[in-house]
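In order of appearance the chains are A, B, C, D and E, and numbering begins at 1 in each one.
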Amino acid sequence: MMALIVELVLMPAVAFVVGLAMLLMMRKIAAKIQRRVGPPFFQPLYDVVKFFGKQTQISHGLIHDVGIIVAVGGYIAAETLIPVPGMTGIADRTDVITLIYFLMVPSLGMALAAGQCANPNASIGISRALTAMLAYDIPFVIVIFGMSWMYGTTNLVQMVEYQQAHGWGLFQAPLLAFAGLFALQGMLGKQPFEIYVAPAEIATGPMVEMGGKYLGSLIVMQSFSLYTAGILYTTLFLGGGVTWIDFLVKAFLVVAIPMTIAFQFPRYRAEQMLGSLWKWPVLAGLLGLAVVMWS
Amino acid sequence: MNQGSRELQVWLDDLLAEIEQVEMRRKRERRMRLDVDADALPTLLELLKGKASYVHLSAITCVDWIAEGEFELIYHVWSYETQSLISAHTRIPREPGRYLSVYDLYKPAAFFERDIYEMFGVYFEGSPFMEKFILTEWDGPPPMRKDFDSEAYINQFFNWQEYRPDWLKELEAQGGGIAIPPDEQRYSRRED
Amino acid sequence: MTLLDGLWLASALTALAAGLFGRSPSAGPWLTALYGVQFLLVAFMGPLAYGADPVPASPAFSVLGYGLSWQFTALSWFFAVITAGAALAAAWFMSGAWGRHYAEQGGDLRLLQLALALNPSTMYVLLASRDFLSLFVGWELVSWASFVLMLAAGGVGVRWALRYLVYAIGGAMAVMAAMVLSHALTGSFEFGALAAVVPDLSAGTLWSLVILLSGGFGVKMGLLPFHLWQAGAYAETPGPGSAFLGAISSRMGLYAMLLTLFGVLGLGTLKALSIPWTPLEAHELLAWIAAFTIVLPTFTALKQNDARWLLAWHGIGQGGYMLMGVAMGDALASAGGLMHVFNHATYQAALFMAVTAVVYRTGTADLNKLGGLVTRMPLTFLVLLVGIIGLAGLPPMNGFVSKWLIYRALIDDGQPLLFVAAVVGTLGTIVSVYKLLHNIFLGQLRVEHESVREVPGSMLAPMLALSLIVFVTGLAPGLVLDWLTTVQRELGLAVLAPTLGGVERPDGGLDMLWVVGILFAGFGVGALIFLAGGRARTVHQLDNYAGGHFLTAEVRYHYSDNFYAGLMHRIGPWYRGSFQWLQDSVVAATDLLAQAAAGVYRVVQPAAWLLGVTVLALWWVAA
Amino acid sequence: MNFVVLAVALPLLAGFLTPALGRSSRALAQWLGWGTLAVCIGVLWVAWARLDGGTVAIAIGGFRPPLGIVFYLDAVALLFGLAVPLMALLLWPREGTPQQFALTLVLTASATGLALSGDIFNLYVFYELTAAASFGLIAGRGTGAAQGAALRYLLLSAAGSVLLLAGITIVYLRTGTLNLAHLATLAPERLQDPVGLAAFALMLIGLGVKGELFPVNGWVPEVYGSVSGRLAGLLAGLVSKLAVLVVVRILVLIFPQPEAAQLMLVLGMLGIVAGELAAWRARDLRRQFAFSSIGQLGIVFVAFSVPGEAGIVAGLAVALHHLLVKPALFLLAERWGGSIEGLRGAGRGHWLASGLFILFALSLVGLPPLPGFWAKLLTVMGLMGLGTGLAWLGALTVMAATVVEAAYLFRTLSVLLAREAGYTSPGPHRGLDLVTASLAGLVLVGSVFALHPLGDGLKAMAAQAADVQGYIRTVLGDRAVARRGQREDRISEAHPASRGSDRPMGRADRAYGWPAGSPTRGARS
Amino acid sequence: MKELPVRTEGAFAKRTNPLAHVFDEFVRFCRSHSLFMLHYCTGCGAIELPPAMTSRFDMERLGIQPMVTPRQADILLVTGYVSVKTLKRIILTYEQMPAPKYVIGICSCTVNGGMYWQSYATAKVLADYLPVDLYIAGCMPRPEAVVSGMRKLMGLIKTGKAESWKDYYRRYDHYLGNQQALFGERWQTPTDVLGEAQQYGLHGPETEGEHTALLQQVQQPLIPHRMRLK
């Protein structure tokens, strides 16, 4: 039981650190693409410390604070559901469907916080965030169904063991892997599908009234989301991690691909995002499903 | 300048020449100045717009002749056919500072008239939007009048940072204040 | 004098008391006490849920040579608990300030109390049915009782009640046809007799039985082709009435379907019965109807601008989950479907009551005229929040458990398209319930709502009790799942082995105790991170970033109209209201026929008409 | 048992005396009328008591049956016989003139005769007498609309009677006799061919005029729309049922072949569809009830068209239920005349009237414990039991009619009970109307608790009515029965299909009363 | 640099143990290395900022990012002439920014009026209305100058000398006086500066004065809607 307690504390901590590294990688990739030098190595850490070091910050009421707590807390809880090398947390007690729902709790938390800010930009941002969720979750769910059907289980730990034995999911269901990656692009909310943090149109959407520790928490949440997206994709398709090195390499690679794509695209409108995410990944997913189920 | 427009030009010159109240001076081939007294101006503009294809009112200028105690209003109208500009000058007395609006002839006049009203205090009857638009924060006299001394106002309302030369001493201590020595600045002018 | 008689007597007594003393608001608490007695009587029949033998009712008639008798089984007990609970909550809500307010507004409190009392009593009769005859008697009584409850609204409500009546009587006639067909086949109305004859019935007869039964009961459940009446009828019924109707009334259709289709014909027959030229079987047909019933009403709810209508449309959508779970038939899915009945009853009633509380204070349920009420009605906000988390099926609440069971079963059975339809329904629900929460409670508080206060205790208590139930059954779903195992055994479905936290499975189970625990642990750590950042100063809603503009109270900048503009650009054109067109064309056809029939009676020359008819009759006879 | 003839003779006599007495004092004429009706009721009640389950044939004037007129008394006949004076008493024309009293008495006499008579020509005579009396009563109302309606009704009824007479003459030509029992013995071999069927068709349409059968009920909305509630109740409730009873007698005794029943089924279905849909569009309350009664009568015809005992049970149940409900509804409509829209909020003031209206509407639509539901259930069970396509269509029509009926009845109710009452309520109902209506309500609710005995009583009555051999035996004695048996055997070889179908022998088959091949039926059931 | 008479006692100064000192040092280091610049172009000088941010001069290597709303930003760049109408918006934005916040006056117009010194419509000295940390002179300074200015500011922050935001609270009456002189007595912003000074312990002797008294007569301070159960 004690080992479990340690795991439950350690996994979010690891997630935070790796998440910050992924944030740095994201900004470095952006800089390199724009032929810039890019931020120093510890920049994300500086940002977080600066935000939490702010001496005056404003809040719009209790629900604003509770919303942020739910957002960050939701992700912290979600980390313990995904098995990482050496630590499984409660991954063997729950399964991937619970994990999908755990990923929805933070967006509800942020929605509450943004709603309470009584700022039209925030409300428009949240309505677009939920539209985006509707867009990327359908292909993502098809992928989850396909992989659960192929592995015969929805328990992530068993999925990793299956892949260790039978080879990576990527090779057994390439179409589903493509659909998963496309959905990941929408899930991370970066450039082509960055409809809810559109700085030019709606002043960073939900984050319009977030300053100081609120924005700091949201940056922590963004690092968690990058980390979760990376390792979930790795667990599903790239055979999870036996040792931390290859696990992290795979995770960083997985996150790097959408980032490079992201910084070469302008921002799509909401209906274009729905159109593209409901057309190509869903088609690929269904095709992949057909292959998986009838082979 | 095709044939039709040249005839129009000639016709207009003869007409204006006959009217003795209108003093015509042709500055350049496509610039003409007309001087007319205040109450005849609207009819002149109507003539120019209706008959002489001067359909575009480019601007209304106001000049404050404080010595003669008059405002001079200049209506610049432009004709696309004859490709030429006519500036109709007129004088109105400075004191009541009221004049007739030409909004019914030229819609842009509303904006110019409001501008002049804000800056010079000339009230144009009949102009639609005669309230403050640019100088909402200003409740002093119309600032562009010559009797308004901007500098005096500034010295009265604003104060200055006193100029302390010791700023320069710090900069020179750091090597002239310019981080990059001049000879390295322009790559093109490098000798090597 | 068995417990069931006691229950019937108590409910009849409540109806009588409501009829006599319903008008005076002070009678409310007494009536609530009577409902409490009913709930206790149902609770005393608890052993039924753990395998005790059925509790018979003493009155048994024989009419025209056919026996008529009633008994309570585990299935009926499960539905009876929900009915009694919903009735108690609704009566409790109505007994206090809301009742006085309704009477002052000119509403007829006596009619509402009587109608509310009639509903559970007729439902206990339906739930106790033992053969086709008693089932039909109970079914008609329930249909008419809910008609009376819908009439209580007056004005617009009556129009919707009449539309409901036409649908309900149509459904009842389908059930009567099925009943009489089974009588023609077996000579009696006993379930057993039909069950015995079923193996050697031809496919055609079986199909007609299945279509008639599922169609007839489907009308009440609001399955897709017959769902147009439910949204209006449930939304226009006054507050507690809509809470009761939304919670349990349309689930009686599911009970009857379970009793007849699954109890008598049996899941095996349904699985064997295949639709010609298609790979689908009967139970898959039901599952597909359920899938469409999940998706279409949910996205119609998304466009509603009235809170009550949005919730009513969601009621129809969630009905689809129940049928899909039961139609799939294996242990997990049927347990999920049945538990969803319980879950939906709890949070739907709480949501309707919360919306009624908002209407009680602000006078309107229009989502474009509200906003920012969280600071004025925090407890109602809490109830609505818990309710919508349950309705959307997110982890801490019980809605998640039943949806998880259904999803897990769909993955086991390998039904990808049904799985996607269910998930699309869930996502649609999440998207539309946030619009409900945001437009009412978050955002800019209007000037005229600044004096709004929280609703009085008599309305808050039932709402908070229901929310507590939603959370507790979410935390420990095993409590409800145990009841369902006996029900599954009784219906002959595969039986589930639940633990207190959910389902123990090697390949991906669910343990809600751990899930909720981890979630709240996460919130704790999140709070620690958050508090590390020092104190924040709460500012007024006008101290907001608006691009350098100075905000004033008169300017209304709360974004609520056309809330999902981006989404609507994409799926807007897909709303064509084809079912509405279908229903209108049927009504127009009947009207045309009626005009023709009326024309017959305007003919002036009777004699010539008579001659023509006799010639026709003779020709017909000679042929 | 000969005193039963008094039930017909006395009202006839009183009918002719009333105008003379009426000239001197109207009250005396009224009391005479009531007295006669009371006596008739007494006579019939004693007859029924003495009958105790058996059947009796009375030869009028002592002449032996094949020649003389005979009255056939069995449970069904006496039930309807008793209903006639009782209904006449309850629905007595209150402000009527002595002429109306006389006409009512004549109507009562002829109606009782219709119920009891066993001779086909005698039935025709009484039928004509009833028609004449009802013309007088309708025209008696005095308003232009009533007289117009009466005239059109007269024309239609006269044409109908001509057809009825033609039918009877055909029967007489083919069989040489007019006595029902004798006809029953000769029918199997004389009237089975299309000509026999044509005779039945003619008689059906002739009697259909009064029984509101589909093609010939053009007069119904006009007459019931323009006549006083009491008379409309009498005509719709009672007289139409008697016409149907006669048709059933003829069908059961003389024309057992299936085509006859199918013709009645088809016309009945058309009547339901036309009646219910027209009622759905009707804008006036009385006309809506008129159309509704057409629909209900359609259901009665459909119910009776089911061969054998089950059909008669269902038909009787629906007929009796309609006999009870329709007059009461017409009484309620007495005060709420005019267009339905104008009645908005009219029912709010009078809770008893509205309550009764709701009760009757619920029973018509078939709310389970109420008798309306059991009648509809029996009808649908009878129809579904047949298994033929047409029967299923009939069942479907009956059920669809219920949906339409529920729609318009409760639409009217919602208008009556609408809250925004802008309508000045037209004053309370007349006392007696309300009493009669609530009496009908009480009987309706009472029957809910006495369902079991009522069911068995109906079953016995139906068995007796369906028992052709019993009828012949009581009227012509035993030897005639033997002749009927041999003729039956010859038919069974000719029409094997018409015997029981190959379905497993369920209780429904036994109920049909098909002679299971044995020449003589058992003892009287 | 203009030496402002700033007293350094504040929330952080009272700590004595070395660990707190190291922690303060670290926080100030991070604060200096992560400056978020408000993307608000008040005047003509703003055209120099994009080149400073993009690939040639790349301010991100200093840890500086453009941010959209004042709630998220640390530096308010007042670029170019400050017209009276724009000054109102600048003050509102300044008050909406979370502290520690810094103001940089780019272009000489913010120093002493620049080339618009004669104009009746421009505010000549920015420092009268807002506490300014740093000036970058030049009639639109080149990106190199802007970057070097930023480095200067980072140095000030690291050494803890960039505390001008506290001065706004401590000498609020002085600033408010100047603002009222310009905008008239009825001038008010939705932010309750006196309340904030009270809450953050920066309420010095010069915070309240005759100008704030005038303000309190005019302004009805916006009381935030508290959660209310009854």
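Just so it is clear, contacts are C-beta pairs under 8 Å (C-beta built on N, C-alpha and C of every residue); 3 or more make two chains touch, one makes a residue touch a chain.
Given the structure is predicted, the values throughout are model-derived calculations rather than measurements.
Touching subunit A and subunit B at once are the following chains: E.
The minimal number of chain-to-chain contact steps leading from subunit B to subunit D is 3. When the C-beta pairs in contact are tallied for A-E and for C-E, the bigger tally goes to A-E. Distance from the centre of subunit C peaks at B, each centre being the average of the chain's Cα atoms. Each chain gets a centre from the mean of its Cα atoms; for subunit D and subunit E, those two points are 100 Å apart.
Subunit C and subunit D, compared by their mean Cα positions, are separated by 45 Å.
We define each chain's centre as the mean of its Cα atoms; on that basis subunit A and subunit D are separated by 79 Å. Spacing of subunit B relative to subunit E, judged by their CA centroids, is 38 angstrom. Multi-chain contact residues of subunit B, defined as those touching 2 or more other chains: none present. The multi-chain contact residues of subunit E, meaning those touching 2 or more other chains, are 69, 71, 196, 224-225, 227. In subunit D, no residue touches two or more other chains.
Here, these are the chain pairs in contact: A-C, A-E, B-E, C-D, C-E.
Residues of subunit E touching subunit C in their complex: 40, 69-71, 89, 92-93, 96, 189-191, 195-196, 199, 222-230. For subunit C in complex with subunit E, the residues that touch the partner chain are 372, 374-376, 378-379, 445, 450, 453-454, 537-543, 545, 548, 550-551.
Those residues of subunit A that touch subunit C in the complex are listed here as 8, 12, 51-52, 54-61, 63, 65, 68-78, 80-81, 90, 93-98, 101-102, 104-105, 108, 111-112, 115-121, 123-124, 126-128, 130-131, 133-134, 137-138, 141-142, 145-146, 148-149, 152-155, 158, 195, 203, 208-209, 212-214, 216-217, 220, 269-271, 273-275, 286, 289, 293. Across the complex, subunit A is touched by residues 11, 26-27, 29-31, 33-34, 54-55, 58, 60-61, 63, 67-69, 71-72, 74, 97-100, 196, 200, 224-225, 227 of subunit E. Within the complex formed with subunit B, the subunit E residues making contact are 1-2, 84-85, 88, 111-113, 117-121, 123-125, 127-128, 144, 148, 181-184.
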